[in-house]
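Structures follow.
In the two assemblies presented below, chain A is common to both, partnered first by chain B and then by chain C.
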Partner chain A sequence: MKKTYHTVNSRVPRVDARAKATGEARYAADLAMPGMLYGALLQSSLPHARILNIDVSRAKMLSGVKDIVTAKEAGTVKYGVSPARYDETVFCADRVRYVGDEIAAVAARDPETAQEAASLIRVEYEPLPALLDIDSAMSDGAVLIHDDFPGNIGAEVHQEFGDVEEAFKGCDIVRTDRFVNKRQDGGFLEPQACVAQYAEGHLTVWSSTQSVHYVQRSLSMVLGIPIGKVRVIKPYVGGGFGPKAAVNTIELAASLMSMRTGRPVKMVFSREQVFMHSRARHQFVHELTTGVKKDGTIVALKNTCHLDGGAYSSFGIATIYYAGSLLGAPYKLANMKYDGYRIYTNKPACGAQRGHGGVAARAAFEQQLDIIAHELGMDPVEFRLKNIMKTGDVTCNDFNMSSLGMKECLDAVRDGSGWTEKKGKLPKGKGIGVACGFFVSGAGYPIYRSETFHSTATIRLSEDGGGANLYTAAAEIGQGSDTILSQIAAEALGVAFGDVKIYSGDTDFGIDLGAYSSRQTLMSGHAVKAAAEDVKRQVLEVLSDELNVPRDDMDIENGIVIFATGRPDFSAVRSAYAKEHRGWVQSSLPEGLTFKEAARLAFLKRGVIVGNGAYKPGELGGKYKGAAVGTSPAYGCSAQVVEVSVDMGTGRVTVDSMTDAHDCGFAINRTNVEGQMQGSLSMGLGEALFEEVKFDGGGRVINASLGEYRIPTSLDMPNVRTIIIESNEPNGPFGAKEVGEGAIMPTIPAILNAIYDATGVRMNELPVTSERLYTAIKNKVK
Partner chain B sequence: MLFLPRFDYEEPRTLPEALDILSDLRSDTKVIAGGTDLIVNMKKGSVDPARIVSLKRLKGIRGITRKKEIVAIGSYTTAADIARSDVIARSFPVLRKAALSLGSPLIRNRATIGGNIATARPAADLPPALIALGARIKLRTKGTNRTVIPDVFFIGPGRSILGKDEIITEISLSTLPPFTGADYIKLGHRAALEIAIVAVASRITLDSPDGVIRDARIVLSAVAPTAVRALSAEGALLGEYPSDELFAKAASLAMNDCSPVSDIRGGADYRRDMVRALTIRTLANAYREACGQGVGL
Partner chain C sequence: MKKIITVTVNGTEYESAVNPNMTLARFLREGLGLFGTKEGCGVGDCGACTVIMDGQPVNSCLVLAVEANGSAIVTIEGIGEGGKLHPVQEAFIEAGAIQCGFCTPGMVLVAVNLLENNPSPTENEVRQALSGNLCRCTGYQKIVEAVERAASKIVCGERAGEL
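Take a look at the complex of A and B:
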């Protein structure tokens, strides 16, 4: 029973296209207010030290300085991302733990004065040993970065499903490989920025964030203002990719200084500060042991992972779980053991980034599967097809694949790339590789333990029914949620796309956990759909009374009321509507009863029509410790085939083509789905070939700019063949699930497998710079 | 946010006016001609001039003109101007290739040839090609004129013979002898927005299409404090018949004509190996060009 849709599954242009193309769109750094002050931070210049004294006297004397705050003024309420690891304070009271750790903030009449004042603050330090990598942090006798965490192990996870050691005994091949990626930066175009305004007991913060809700809660908790008096508004945001999913120091510092001065305070990160704040992808060191049978059946996986966490936990408590749990699919795997250790080091804290926790693990695993396929003499696509899960399968760690078009994805990329004609037949220096992956469609639980709804939505009809205003706290950060949610509202209500106007990213509009874990389309989409259906129900109830037609015999589609059994006489409704609009230039009404006429009637009978929707996931699988990280109402999956050229004389890799098939359940907006696929592939290509945050011996980032930290340029990206697979997810609105993050999963291993095909060399360390690959080729020839 | 420090700003309309300003020899002055390097470094705080003299409004120092055998490039000519010049494309395609490898389209719209020379960065994109082509740099002060070759212009990273009161006004190139070919290859991480890990420019002139090598230049970039000529490699080519073996021999010699260091962009050993790889390739491409039509006139 394929339904005809009017707005979803289309290619309607984005609602923010015009504002962004013309430059009208205003971002947090564009905002200004009368009397506004500008803030600046003083950040630690040492990676690890005790603070003996902070002297602000010279800074205070500088003309134009309005406020200076340190831990003394801010207090030492601990906060963080997960209540299980609140390990940060607004400012360091007695100890700094990385170069960039925040010590003080200044508010002044202009940004130059604020920066100058910050530079006049004198801090007396007693240096402590700097632990800049996992090994030194875990070494015997290493100083503790946080006193409560012996061995500097900030978190550890031990899980076993099935019996891995027993299962290995029955395997024909058991092999172990080590894999390491590098710390990444989010690389979003817009550095974090905010304006805080405190007046008459109410705090309003405009911020470049992925989650107004989490920022609101953190501000309320740390600053001691009731939640109802904290409003967080997200203007246009230029990308997030994870690092903007939690509160940051400038939001806290600007709010505090606004409370103290009574004036709005603006703070903006420089690009260098973006790197120092980080909260992006960890460095993961994976050791994977996989066992398979001769016939190609994957039997067991043992995964040990060490994460270089940086100085604080941030999202790391979730990251460490994802680094294990996201290997349970998309292959049937009965036995899986995971031991994870997140280590505190004296570097900026790592957190979440697209494909949270699973990207390096996936790269390691898919490359190892490729090695095993070659050892077995099996085609890598056939090997994967033999093992993949299908709709209805449940992983050993209890993830329910309520829809899974994995086979369709693999078939599509094999056929779409010409795999069969190319694999094993390309000349030296040319290679082709394949990989698969999957990802959650929204975290099953909020980051703090709560029974809260994950998303709410409200739709208010205009009094003439000509417009439906949609209110949501969901975060449009460039990924397209404003467009998607507007489409869902229009389709569910039965009106034209252009009749929906969305107001989003504001805590005053409801609860929404925000744009992370690929949750907006499924979770906010559910809430919006429910709100639209609520509005529709109310309008049809009034109509039902008026026309004496059972409510369930009516529907609204494309702006017209549909009657299941014959058209009743609605001339009274129509003439009343016409009388109210005497003298108006009206385009002639269609034969059928319009939504506008019905909505007007509903307003006249009931007042403003407001519909509400709220969503939280139903019961999810997994009773074991840590099951809350990874369980999701749905899972997207994807397969990719990548072709590369390797310059054997220099080691330089060029990605020639990428074929990507992604199962997003149902494409609300096909163009947007393709955009997310392309964006994911670009980020994966960067991580595979270029990106690495580098430090000097003093813990300072030495490539804190987009000149020396290399995200791919348009010339580095090949054209991508994008193939949308729609498996119709039962738990998603209109059958939709994620695409924003899952699409990155196969990219790195597909590139690595193609590099092997081209060179005969396996790369177990990212990024595959020309130097690294050249050296590996040279060593192999020796 | 990063801010520019305070500075005085002069925007002379004529060359004499500009030279007059500079004639006070103030050491806290910087000349700006595009600013793709200077502004970034000022924001970072690594240079802090009290006065900036802009060449933006000067008449007569932008554009490419040809008089018989000489092509003159005004010092304010941008990399984009060079990349889209028919004269350059016809007569000095290697310079076009070098200009197109500089930065990105946006940066090429601002960066000037004079600025690219004056900043004296060891990995600058235009100097290797200019050295290979035997370019001449015209320098002027209020009272003097001199013409130097780029080989002697650069002293070290960020250092050159350019006087405090001196402005680069023009870069001139003589059309190349028959049976000449040249190439420039830049190895970077990405396809654009790159500072070279290693770059090599080579040029050879043959006696005749099947004759010996009469003249050769090999310029190595990002492997020494300045772009350097691989003199022993050049010497090995002179008077010899071109062949893959000869180019490989020259390339091996070139590895010792430089002094690469390990830094954020690459290791010294890798750079040395890349000097060999790129020298072979640029020589082979130059040879192919030389015994084909050569470059047009």
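Take a look at the complex of A and C:
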């Protein structure tokens, strides 16, 4: 029997919607403080050079300049995302590694003065060879971008599960394909911004970030301030998608200059600086060899990947693992070999972006599976269904599919799109394609090695129980976590949604690793649910003593105390409550005992009722090197069918329709789940058809604007038919798991497979621009 | 040298001395404290800074404050009356058209302007009207649905008012 819920699995409007609809919501760039200074950066104009001298004397003389900092002032403590690859310093001491690498910062009375001062700093360079792509960086005798990494290989991974070469011998089809995507930009609408304020030994930073916790730790480590004296607060954030998941230079520089001047310092990225900072999607070059039996059984996969990492590691140490491990499902695959190489180049560092590490691999693999299905004469949906994993299956790389509605997703998009009626029956220039994917529901381990809880939550009741304040460091960045967590708290505590008030995104509110790896609903959700249950337990304990009813015979639902058997006499509790509120105009109380009355009693007996919750996943995955990356307490999965029209004369692709089914375990908020699905598909469509960060020969981004780096507009996106699949994840709060990133996985290959269906052409390079597709169509005709 | 301008913003007239190179976006934000106007790019690509100037949506980062001299400007703070939301704002909230919210003020203003000029737009007309405003979160679908929902709210509201 399905349980009845009051708040979860609904379509309650977001808790932050009104503030955002009225313009009242304040983002980091909207903040101002008395005496605040404005910072500006000096960034390298060369892609690779030694710094011979930095002369700040002219900048210092400019009226209104309050501080100038370089590596001399900032020191050279190495930081980064993963301790295994701390390869950045706040400012470059002796060498710049990409156009945009930070050399100095200025704080001044207004932004113009700061900019001007930065431009007056003279840097003497000795240019070094610029290595702008994987091949030149790996070539014999290439200069080393980081001295400790020969061949400019910043990280490499070699894994084998089963025996791939042996398995290929028994296959009827073994084919190899090469696939390459392009560097993508996050394209979030709000450029990074922050305000730092240092006073009396305490540093407070308001920043546009996905993880207050990681920023706090980095600031503490690099600036040498005890972690307890660093507070990071996330105001409203205008999207992140990955690139805002780690500390950035302006957070460090503004903090440093605030410490030195004693005044608040604000720094804001220009859109061009967003592109130069990047930390977004890598370029991946995949070579996949897949072996299949003639009955359609997938037997083995060999995956070699080179990642163009840019000048620093950022999240790349995780990215490189994901680019292999995320092909372990959703198809049964007994043999899988992966060789990955992340290469340093003289370009902005790449990092995490929605579908971290797995998006290009998934596109390559799902297109190859489509080719193989055609070679076998099998319907691509049937071919996938034949190999599909189900709940309880464990991948060859030890990922446990504790719930997996993959078949349900595929069935749903086949039936929802009219696949059977359309596949193979569309006119030339029209095509239909299908693909699947899966993704983690929260990384199984923190990015730094630690036994830490991944999420904590605290709920504090008001003295009359009429309000439950929820405190969490989880990061609402637009994905909806404030709403989801409020819903979970209300449901678990048994009160109305409107009685919960959330305070989030602040390191003073607890520990939360933040909004990345699709982890907030499952992990922060668990912590919040536990905190709510703790509060409920305490209130019921007091009530139990008062009424002489065993605690476990009572519950709270919808603001009313429920008794398992009979109804005890609670008139004393009720009259005490009334006495405490003399003069109040009391609305008539319901027949049953209210939570407020019980909570008031608990307060009188015990003081403020505070409930705590904490979550960590425990040990997950295998024992091999790198086994941690890709482990998760749960995995979301999805299938998509896309229809396209291709103008055969110009190569222009129009996406006509998209049908998407996603297994999110249990939809805490159905509107939000659909919103995540639609947004994911939009980002995937952009990467498939037009997004590409381009560089000139001098390592400069030549399309560092949202006009020339085109993201989808309202005219590019069709309406998406969204189908929510709920497989009831045993490791998720109320059965919930991810939707934020997994939904992007099938988009690119579904589009590519539809383009093939329309044109007979396979595209192995993204984005599929008109020019690229037109040329491919022409070459095929020849 | 600063120039004196007179601008009516959300029905209130302001006289201000501004630098000739100050943009309208910055004037609204820093001069008048109207931070609902967002800056996403500063060069007219993203539409986050959209305001209504003399009845037309404009990217306020591409308009100089001195160009707005004598104009009537409506920003997001001027939408809705006396704490009551405009039907477009209500529809955005109900339809789930808001995620990160950074594009929302611009989107709402474009939608309000569209419905004033075309009370019953087709889906394609809505998409055309919104095409200068970028959103990275929603895939636009729920924004389009919200505008359609607002259109029927307004039409129904007016009909109710006629009775």
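We take it that the second predicted complex is superposed on the first by the 781 of 782 C-alpha atoms of A that agree within 3 Å, B and C clash if a C-alpha of one lies under 4 Å from a C-alpha of the other, contacts with A are read in each partner's own complex, and residues count from 1 in each chain.
Simple rule for what comes next: a residue touches a chain if its C-beta (ideal position, glycine included) is under 8 Å from a C-beta of that chain, and two chains touch if they have at least 3 such contacts.
Everything numeric in this text was worked out from a predicted model, so none of it was measured.
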First (chain B), second (chain C), both or neither: which does A:I477 touch? second
Of the partners chain B and chain C, which touch A:T713 in the superposed model: first, second, both, neither? both
Once the shared chain is lined up, is A:S270 touching chain B (first), chain C (second), both, or neither of them? both
I want to verify the contact counts: of chain B and chain C, which reaches more residues of chain A? C
Touching A:T650 in the superposition: chain B (first), chain C (second), both, neither? first
Name the contact category of A:Q678: first (chain B only), second (chain C only), both, or neither. second
Does the superposition put A:R14 against chain B (first), chain C (second), both, or neither? second
Which partner does A:E190 contact after superposing on A: first (chain B), second (chain C), both, neither? second
If you stack the two complexes on chain A, which partner ends up touching A:G239: first (chain B), second (chain C), both, or neither? second
Touch check for A:N703: first (chain B), second (chain C), both, or neither? first
Which chain A residues come up in both lists, the one for chain B and the one for chain C? 270-271, 707, 712-713, 715
So in the complex, the part of chain A that touches chain B is made up of which residues? 111-112, 115, 268, 270-272, 649-650, 652, 654, 689-690, 694, 702-703, 707-708, 710, 712-713, 715-716, 769-771, 774-775, 778
Of all residues in chain B, those that touch chain A in their complex: 1-3, 104, 187, 189-193, 195, 197, 264, 266-267, 270, 273-274, 277-278, 281
Which part of chain C faces chain A closely enough to touch in the complex? 29, 34-46, 48, 75-77, 79-80, 85, 89, 92-96, 98-105, 108, 126-128, 130-144
Report the residues of chain A in contact with chain C in the complex, numbered from low to high. 11, 13-14, 16-27, 29-30, 186-191, 236-239, 241, 270-271, 477-480, 671-672, 674-675, 678-683, 705-707, 711-715, 717, 719-720
